[in-house]
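What follows is a pair of complexes built around subunit A, which joins subunit B in one and subunit C in the other.
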Partner chain A sequence: MIEQIQSVLTNWDAMLPVLPQLVVSGIAIGMLYALIALSMTILYRATTVVNFGHGDLVMLGAYTLFILLPMVTFNITLESSALSSLVSFVPPYLVALILSLCVLFAMGYIIHRVFIWPILKGPHLSLALMAIAIGYAVRGVIRKEYGKEILQMPRPFPEQEFEVFNWGGIGTYMTLDEIIFCTVVIVMLLISYIVFYKTRFGQIVQAMFQTQRGASLVGINVMHHNNLIWGVGCSLGALGGVMIGLTLVLDPDVGTWTLLRGFAAMTLGGFGSLYGAVIGGLIIGILEKVLGVFVSTAFIEITCYLVIVLVLLIRPRGLFGQHATLRI
Partner chain B sequence: MKLNRSIFWILPLLVLALPLVLNQYLQYVVNLILVYILVAVGFNLVVGNLGQLAFSNVAFFGIGAYASGILTTQLGMPWWLTVIPAGLCGALAGCAASIPALRGVRLFYLAIMTLAFGELMRWSYIRTPDLTGGSMGLTVPEPEVFGWMLTTEYHKFYVFLFIVVVVVIATSRLLESRIGRAFLAIKNDENAAAAMGIPTGQYFVLAFALSGFIVGIGGSMYAALVGHLSPEDFDLIQVILHFAIIMVGGLGSLIGSVLGSILITATPEVIRHFEWLVGSEEWIFGGAIIVVILFLPRGLSSLLAKVNPIFKDRYYRD
Partner chain C sequence: MDSNSRLHIADLVAGYGHNVVLRGVSLQVNQGEIVALLGANGSGKSTVLNTISGFLKPTQGTVHLDQQSITGIPPHKTFRAGVVQVSQARDLFSDLTVEENLKLGSIIKGDEALGLRQVFDYFPRLSDRYDQQVSTMSGGEQQMVAVGRALMSQPRMLLLDEPSGGLSPLFVKEIGEITARMKADGVTMLLVEQNLRLALEISDRYLILRDGKVIDGGSTDNLEGSHDDIVRTIYL
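Moving on to the complex of A and B:
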């Protein structure tokens, strides 16, 4: 450890110019974590259920797009230029994306209505186990059907790199994927902010977060709104899943990976806080990249676990959350 | 014939004759069931009896298995001497896992934290190749008990059965005692338990340490049974397997732990015989947990207890 720190200090001058690149790519990957954490936070805010199976639903979103894509692709053969491939490929991709978001909305709706609602009054233990079991069953079905080979997600746009800015002769690059993903996540964050804080629906959801019983007493149809929120959360997660599928490969086991990073972001930002989830995701993305280069590559995998453990030990309510612990 | 409680003594005696009718492979499956009985009993202490949502069980399991494996390969100790140290390592890990609970971390916060703890442990098995063999795994020599080598599955069976019977009886006595009642009080209402003068913090550490001890012993048996440990054995799939066992069997029930481990461990062997079911363990286990939570929240042991009241656990369990 000490030698590592010394080597970091001696290499500081050489490594410092890399820092902007690390921060930028950290932000890009952090945006993905933020989107996952955002969808989990929305579920948690409405129903006070932490969805331990969310990672597998995210994975299911990516697979749904993969399955739907061949069905909606219509072959237009123009001249083989970059533009024509873009024209013939982007619209079906968007159609498939929207369809898969709808499918996941229906999945979330049905999962809550059939499996979660009947036991919502029960102990937290069975709620958590139910979520885990649903995720496990989903993963089992996907692995049985598609788990035998490594699948590559088809790309809607070509891989390109742009130089964002130049500092001391060393440029900082972002890929087209990263730029589009960041834009989408920021737009989604804005939309969910408006929906949660500016609309009647958002007020209803906040009322349900405070007390579901009280909400039903003032005439809110709690079950219906819970169903809707689960649908919205799952389709947001599916959007994240598509992005993860484009960044990594399609793999039934990506759910666990996703879930733990989403949890880390939520824990760091504070459970139930929308902007906390996003800021937590960004911090974890940057930490992963910076620690991975400056300290040891081993940190890339365990940053999120360390963040979870340290935050819950030192400041269990995270950066922006409320009341996480029980005091006796 | 009217059943009475002597069945709990007759059944293990009948099981003693199992090696006469089983081949080597089936005997291996039975031994695996014995290992999972220990794992489930330890897990049930924290999840079922104390009522805490903790995922750290697989970490205890891995720590016990690797402790036993490292002691036999690096120090050349015979296997039977490593069983108790493996349990103690598990108990230490249990104490470590109870620290967040002492700090007031509960519910899903505890779940997430213990999940991260288990993944950190798995990462450390991969990252310390000098001790654990890294991702290549660790090959454990044949187990030895008092100078005898346990070369066949039949030999292992009798040793394992002895350990399991001792641990199950000890746990049963423990749960009927003051400690078991304190666990139940904490499960039902922690504030009320503290108000009644139960030192909840101490019982938290005790439950986690006991769970770690039992599961650690289970881990050392696993090392002796399988002979080769790899970090993938202790990933999240294993966590869900443990959950499936105690949910299907019945939360907080000793009979449930035994029943669940028999069913869940035997299921893959049954699946193997049907062509179209190969590779379906995951969704079958997931579906089984869903069905049990929805329709049979106390697991199969509650069904058994309905058939005949002697299968009820003697300690009160709500």
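Moving on to the complex of A and C:
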């Protein structure tokens, strides 16, 4: 490892030109992590439960789209040209996507109402185990249906690449997927910001995050709002799952991969902080790419673990986690 | 149940799991009245308030507000019916400011502007601390925020659980004066209080709870000098 770091330092001039590409690719994948972390943070803000089964619900979002897509693309023939493909395929894809998000919203709503709410006042360990059990159950159902088969998600748009900027003759590129994903995530972040910081619903969530009993004392129907927030969180996670399905592959075990990155982003950003989750996701995405190329490819897999360990040791409340100030 | 009754409780039985705490509590609070619920620790005073508020479901008995049954309905519905509790732990949104806490008090029901005017009239100090984070305030000031937040929805029935708990004598006196003003303005209250002097000073009637039952009660008029009898009834 030390030799690799020394090699980076000595070959810095040769590696520097690829840095912008790594940062851009890191931001693109980091946006996905940010979306997953954001969806987990939303659940956490409602119920202070870290949903350790969230990765599997994210995976379920992708599979739901995969299952629904053939049902809504009936009688549409894909043309060979990219443009006609886009025109003919995107509307059914959007319909299937919206249906998938609705299905996952319902799943989140029901999971909270049936499995989480009855034990919400119990120990956190019970909640963590319940979340893990739900995740494994979901994974088991998908495995039963699809085995460990790795599937390819149908593409709604062609694979294309665009030069986003050029530095000293070396271009930095983004794929169409990355551009669309980044746009979608930014739109989702803006919507989340408005909903959680500028609306009455956001004030209610803020109140419930502080104290659920206090929220009940001002007339808030805590259970109903918790159900809704779990629905929203699972929907957002499903959107992330669809993007992961398009970026990588469809695999029943992708949930663990997803959960770890979402959890690391949440830990780095600070539990409960919406913008912390986003910044955490971006930092992890960039770190993975940069360390993966400059130091060792092993860092692509271990960066999230390292981040979790280091943050918990050095700054347990993360970058933007709330710190209680008490007057004695 | 007479027509002047604001809150009427009959034969209330409630508890936590298999542990029955209330064993047939009956009481009535009339409109504009303050009734003090007294009793030793564990006698069931807070349980009465939590059952009225809907945090606990009674296994038996009824709770009526203005002749309408609110028995066993969840807390958010009890709030909408007009019953608001200030709990012993205050349950404030401690990372939020005084302004945010007060406004959340009327987020579901109540006139925000009217509520703020009333609260600042009772607690002028809160208008100076409008932007202050609640967790940085003293216990007495937090109690003011808690009572203020409850008043924001213009409740028909206010349940106060140990409003003087953990406060300095100066704040206890202030809370007593403000409660008396609220009573003069027609706010109906059921008060749980360990501070016997304060409770008897501000309330119209008292009830003594022991082992989940009301065992004694009466008017607080002309009680000066006879507190010892009440203390004996509560503890012995």
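Worth a mention:
Criterion: the second predicted complex is superposed on the first by the 315 of 328 C-alpha atoms of A that agree within 3 Å, B and C clash if a C-alpha of one lies under 4 Å from a C-alpha of the other, contacts with A are read in each partner's own complex, and residues count from 1 in each chain.
The rule is simple: a contact is a pair of C-beta atoms (placed from the backbone, for glycine too) under 8 Å apart; a residue touches a chain by one contact, two chains touch by 3 or more.
Bear in mind the structure is a predicted one, so any value in this text is a computation, not a measurement.
In the overlay built on the shared chain, the residue A:P20 is in contact with neither subunit B nor subunit C. Look at A:V222: by the touch rule set out above, it reaches subunit C but stays clear of subunit B.
In the overlay built on the shared chain, the residue A:Y305 is in contact with subunit B alone; subunit C does not reach it.
When both complexes are overlaid on chain A, the residue A:F52 reaches subunit B alone and has no touch with subunit C. In the superposition on chain A, A:T211 contacts subunit C only, with no contact to subunit B. Of the two partner chains, neither subunit B nor subunit C is touched by A:G202.
Within the superposed three-chain model, A:P154 lies out of touch with both subunit B and subunit C [touch as defined at top]. Of the two partners subunit B and subunit C, more residues of subunit A are touched by B. Once chain A of one complex is fitted onto chain A of the other, the partner contacts of A:G292 are absent, as it touches neither subunit B nor subunit C. Shared interface residues of subunit A, touching subunit B in one complex and subunit C in the other, are 324-327. Per the touch definition, subunit C reaches subunit A in the complex via residues 53, 55, 74-76, 79-80, 84-87, 89, 91-96, 100, 103-105, 107-109, 133, 135-138, 149-150, 153. Contacts from subunit A toward subunit C in the complex involve residues 200, 203-204, 206-207, 210-211, 213-214, 216-223, 322, 324-327. Residue ranges on subunit B touching subunit A, taken from their complex, read 47, 51, 53, 99-100, 103-109, 111-113, 115-117, 119-120, 123, 127, 190-191, 194, 200, 236, 240, 243-244, 247, 251, 279-287, 289-290, 293-294, 297. Contact residues of subunit A toward subunit B in the complex are 50, 52, 115, 118-119, 122-126, 128-130, 132-141, 143-144, 147, 256, 260, 263-264, 267, 271, 298, 301-302, 304-306, 308-309, 312-313, 316, 324-328.
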